[in-house]
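The letters A, B, C and D name the chains in turn, as written, and every chain counts its residues from 1.
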Amino acid sequence: MSSSVSTEIVMLLAALLFVLGITGVIIRKNIIFMLLSVEIMLNASGLAFVAAGSRWGQPDGQVMFIFILAMAAAEVSIGLALILQIYHQHKSLDIDKLREMNG
Amino acid sequence: MDIAFYITAAVTLISTVMVITRHNPVHALLYLVISLLSLAMIFFLLGAAFAALLEIIIYAGAIMVLFIFVIMLLNLGEETAAQEKKWLKASVWTGPAIMAGILLFEFYYLISSSDAVLYNEPNIGPRPVALSLFREYLIGVELAAMLLMAAVVGAAHIGRHKKVVLHRFLKEKEMS
Amino acid sequence: MNNLLWLIPALPLAGFLLLVAAGKHLSSKLVALTGVGSISLSALVTIMIGLNFLSSATDKETYHQTLWTWMDVGGFRPEIALSLDALSLVFVFVITFIGSLIHVYSAGFMAADKDYSRFFACMNLFVFSMLILVLADNLLLMYLGWEGVGLCSYLLIGFWYENPANGYAARKAFVITRIGDTAMALGLFTIYYQFGTLVMSEISANAASVWQPNTPIATVTALLLLAGGMGKSAQLPLQTWLPDAMAGPSPVSALIHAATMVTAGVYLIARMHVLFELSALAQMIVAGVGAVTLLVAGFSALTQYDIKRVLAYSTISQIGYMFLALGVGAWTAAIFHFMIHAFFKALLFLAAGAIIEALGHEHNMFKMGGLKDKMPLVFWTFLIGAASLSALPLISAGFYSKDQILWYAWASEKGSPILWFIAIFGAFITAAYTTRMMILTFWGVTRTEIGHHPGKLMTIPLIILAFFSVVAGFIELPHNFGHFTLFSDLLHRVLPSTVLQADESSEWKFQLLAFLATFGGIYLVFIYYYREPYKIERLRENSSFQSLYRFWHNGWGFDRLFDLVFVNPFVFIAQINKRDIVDRFYDGITSVTEHLYRLLSATQTGSLRWYIMGMVIGAIIILGLQIML
Amino acid sequence: MILVWLIGIFMGGGTAALILGQWNKSIPRWVALATALAGFLLVAIFWTNQYQMINTHPSSVWLVDFKRDWISSFGISFHLSIDGLSLLLLVLTCFLGILAVLCSWKEITERTGFYYFNLLWILAGVSGVFMAMDLFLFYFFWEVMLIPMYFLIGIWGSENRVYAAYKFFIFTQASGLLMFLAILGLYFIHGQNTGMYTFNYFELMETVIPSETGLWLMLGFMVAFAVKLPVFPFHTWLPDAHSEAPTAGSLILAGLLLKTGAYGMLRFVIPLFPAAAEQMALPAMILGVAGIVYGAVLAYSQTDLKRLVAFTSVSHMGFVLMGIFSFNELAFQGVVMQLVTHAISTGALFIMAGMIKERLHTRDMNQMGGLWSRMPKMGAVGLLFAMASLGLPGLGNFIAEFLILLGAFKASVWITTVAALGLVFSAAYSLRIVQKIFWGPQDGYGHIRDFSLREILVMTTLTLSIIGLGLYPQPVIDTAAPAINKLVLLLETDKTQVGKVTKPDTQQYLVKKYQESYVRK
């Protein structure tokens, strides 16, 4: 099976997704949206890994993706639990309202 | 399959943009599911079928369900959407967007400066993945297992419905 | 006899230790007994050893006793060793003999003082240090005595410490003499590296072979030692401490600041005469310093109100004579004058002390007067002392010693007419201020009533000293009146005789001139202060005379000069830098760090989005660097 | 083994004091006293036993040696060894240890257990510094003495203690890190040269170092020691630390911690980098003189008694620096004497300041005066130690200063001349102490008592030792002589080989290395 899709294009896609994720994290004030954006970023990096693994015909890329997946699962579960607690305590999900550190 | 790739990529990008711009969390979540599914498609196209399956089952399936549960638990509805709308002003997102653009440009430059290689032998089935997982990366798997375990315990602990405990400084403030 | 040498300094030391350890618990009688007894015993031992030395020792022999090796570092091996020769014998005799007389006097003088035992402890320590100074066989041990007497001088000047002025006078004395001492220490270093030893006899023996005459190194070394001597002996320009040192009790002034300690410089130079003979320039400077000092101090003495300050300036002036004698190579004459001066100046100070005490601590001569008949004994003894000081011809001891110096100032190979002229002019001034002091104190109307008369403890030493102030001169007579040279014969065992350039037969002319100078001085003051006092009143109205008078009164402005040049800048620098400018530099580092910290901590807002923004910017920068490089 | 015992006694005693302090407030001081006495006896007996040996066999420099592997993979060993110099300083350490315990007897009432723990651990650290012959171990002990001192100042100091403690800590710690870097540098150079990576002092002494690098490494050591000593521009921590520390803290700071700086220079800087040290000699001597004069001038202007004494330390330590870099036997012996006598005289002045503060509750000399009439015993002792600090002959300090100046005079006449000015200035400030505290009019104090029995004991010991050292310093000189002679010998051989050493040796070495690599292939 041959294709004209080059690594460059796939990587570019990964980069685009990643940047979109970052933008999301920065522009949103709601923690849930930020968490979603983080998921996008994780996915983007997973894509980069998988693409690189395919490029060399090695399974390592997918292995890394699996690790990322595991990490994402852990992160989301903890993150969501925290969100629940935050919402209970502050009745808000506004990240700017949550800051308690006064530098 | 080229065309398939480009279409899927376009779907991914558009849905991702939708994720970060929606006001209603549920809408955003749905777009994210779409994004994930299309990404799974790209994995498939790249020959990583196993990864694609995992993406669908775990990400689009399990993790997204978690989100939905939480959104439902918190009862984020129309009000949230309205508030989000208020927050998401041009003045808020232009700066970050410009930064992101610069970053993207740099990524682009770096990626394009490396030599582009076409895929020739893209098919990597679950078998080699499984083999390398349980051989070379055995420690990684163990660690990931422990991480997940810790996450489960942690989430259970944090997520318990506790009484509102205020920091003593805040308490004093409230009393006064 | 040889082995008893250590007893001489050990007895005063024992007295000191006893008084320090148990002074508080002893009755005042026992304290006085300890203080006086230790010195008197020491004097007895001295006389015993001295007689033995005179009768048995041959010409060049010295008594020598090594107690222990002080330290032994590499080749540097100074010992705690005593050595007695003719020169040190004279000094030891004067110190112990006059010392014990003054101690007896003090037992009466200080009787009312609450710190009786402290006084005697310090005095004993002083005598001990002074004996170490003159008995030491090496320069380092001598330096111990040298600084030791400085300490005692400090303690005794500041004896009445509750008045801060006394404390400052004491401190001034110590610091100024320390300047000289430091120069002397440098001299010691030079000597050690030149000769490889600090033992004085070895240095004297080797000097001529190690150094060529008149080489710079010889001159510099001699001058460094001279600086030490100038500090201790209050010679120009380090003389300013001595008049202030009169803040101490009178016996202290008599013992330390007249008879013994201040002549340490004379001893040092006489002891190291070999080094000085190797440098004509250094010796000329010694003579010059002496000459200038005797004149400057003489003029100052002429204008003082305080009787003790007159005596102090006169001491400086008389030591100037000794330096002059040393400078012209009249070694024995200098030592002779030292001994005679010790007798009459101690006498004068003790008598002055008796007067001051009798008048209720009145120091000002212009408030005394008419004491001739009220205190006859003090008057007569004081008169004898004054006669000796002004070198009254034939009958006073001072005449014989000073006349010798005058003659050598002209006749010695190193003498010169200028030195002689200064010396004889000095004799004129000496006679003048002595007479002035006598007239103001004892003649005229009574201006202050006497409180109480001195007791026996105080008068007996006066009588003994007065006796010696007359008689002591007869042990050394000029060749034209009897030519009796007991004293110089003794000293010639150690010190070389003076090489003359003039004919001895002309000596009588100079003696005659010395008569005239003395009587001229006495007559002048007699006219101005006694017979026609209106003349002095008229002089006082003259403004230029007034300012000259003030100038002399303040010791030629040396104090102000030193304050201006040394003391004030030092104190000023010390004061402005009290908080240590170097520390400001470190404070600067601290405050820069603190500012940076504030700056950075302002970025820690706690806003998550802001942090992420930071991460993005960081990523942009890092990637940008990668692209560009 | 005796060396390990010594450290063990201090550390064990300290820990015991800490634990027993939980039960009773006065037990720790007895424990500490017993510990310090035990340490002193141990060292004193050792000294008297060895004294004969030192005199009869001056060639055997090292008296006792103890070596065990510690972290052998890095070439670190637990290596203690002493020669005469270390022995003297150990005796001094234990002696001052006793005094430190005695003078904090009444002063410290809070957290006594922890206090004596810190005190004894400082002693342990200082002893370790004087014994360690492994550079890593040396650095370890260097830190051990630093941290308890920080607590001592920071917890039991006076008003401004936190500032002083920070300052002390930052100065010494920063400079100590530079030294650690230099130690590592030496370690790696030696390792690369010989293939044997070791921190052993004796091995490292043979390291061939290119002269440029040698200078930098030496400066690394030098900075640490210079801050401790302290040398002129690095002295500013000292007045603050001294004046804020409790009496025992000041005593130990002045008596022991400063000495570690001088010890380090004699033990490490010169033997490890003789050539570089000679290059540094002139600047170091100039800094020494600057310290002498600057310290004296500043001492003169102080009104806080403890600060004044602290600045006199700066001045006296200037003599030490000057003596060390004069590189001759007289000066070295003078330095050793100065280390011992300064510890005694300045220690005594600090103790006295502590006693005055206990009675008048102030350190400000402007508020004192006329104390002689109230406390004649203290007056006499104070006068004696003021005299000691101005270098009066007959007291130990004179011997030290005279020998240093005599030695320095050989090295440089002009520098010595300027340094001699220090003698005049020292007279000015010492007499100022007497004038301000003991003389002058006495103001209406309440009841002040003179010395108590304990204080008499402390002061008599100090007085006798300073006079004894002044009149018969030979035991100290003899004990230090073998070590000093070896140092002088080292410098002389180095001087004869100067210029030849670096280049041909490195060349030879490269040839050797080349051959080795050839063989290996």
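Basically, a residue touches a chain if its C-beta (ideal position, glycine included) is under 8 Å from a C-beta of that chain, and two chains touch if they have at least 3 such contacts.
Here the structure is a predicted model, which is why all the values come from computation and not from measurement.
Q: Out of A-B and C-D, which chain pair has the most contact pairs?
A: Higher C-beta contact count between the two pairs: A-B.
Q: With chain centres defined as C-alpha means, what is the inter-centre distance between chain A and chain B in Å?
A: Inter-chain centre distance comes to 4 Å.
Q: Rounded to a whole Å, what is the gap between the Cα centroids of chain C and chain D?
A: Distance between chain centres, rounded to whole Å: 39 Å.
Q: Hey, how far is the Cα centre of chain A from the one of chain D, in Å?
A: The computed centroid separation for chain A versus chain D comes out at 60 Å.
Q: Roughly how many whole angstrom separate the Cα centroids of chain A and chain C?
A: 94
Q: Give the residues of chain B touching no fewer than two other chains, as numbers and ranges.
A: Answer for chain B, listing residues that touch two or more other chains: 96, 99-100, 103, 107.
Q: Tell me, which residues of chain C touch at least two other chains?
A: 613, 616
Q: Two or more other chains touching the same residue: where does that happen in chain A?
A: Those would be 22, 26, 29, 100.
Q: So what shape is it, when you link every pair of chains that touch: line, ring, star, complete or other?
A: Contact map by chain: other.
Q: Once the touch criterion is applied, which pairs of chains come out as touching?
A: Here the touching chain pairs work out to A-B, A-C, B-C, C-D.
Q: Sort out for me which residues of chain B touch chain C in the complex.
A: 96, 99-100, 102-103, 106-107, 109-110
Q: Which residues of chain A touch chain B in the complex?
A: Per the touch definition, chain A meets chain B at residues 1-13, 15-24, 26-30, 32-33, 35-37, 39-40, 43, 46-47, 50-51, 53-55, 57-63, 65-67, 69-78, 80-85, 87-89, 93-94, 100.
Q: Hey, which residues of chain C end up touching chain A in the complex?
A: My answer: residues 601-609, 612-613, 616.
Q: Note which residues of chain A are touching chain C in the complex, please.
A: It is residues 22, 25-26, 29, 34, 95-96, 99-103 of chain A that touch chain C.
Q: For chain C, which residues count as touching chain B in their complex?
A: Chain C residues touching chain B: 613, 616-617, 619-620, 623-624, 626-627.
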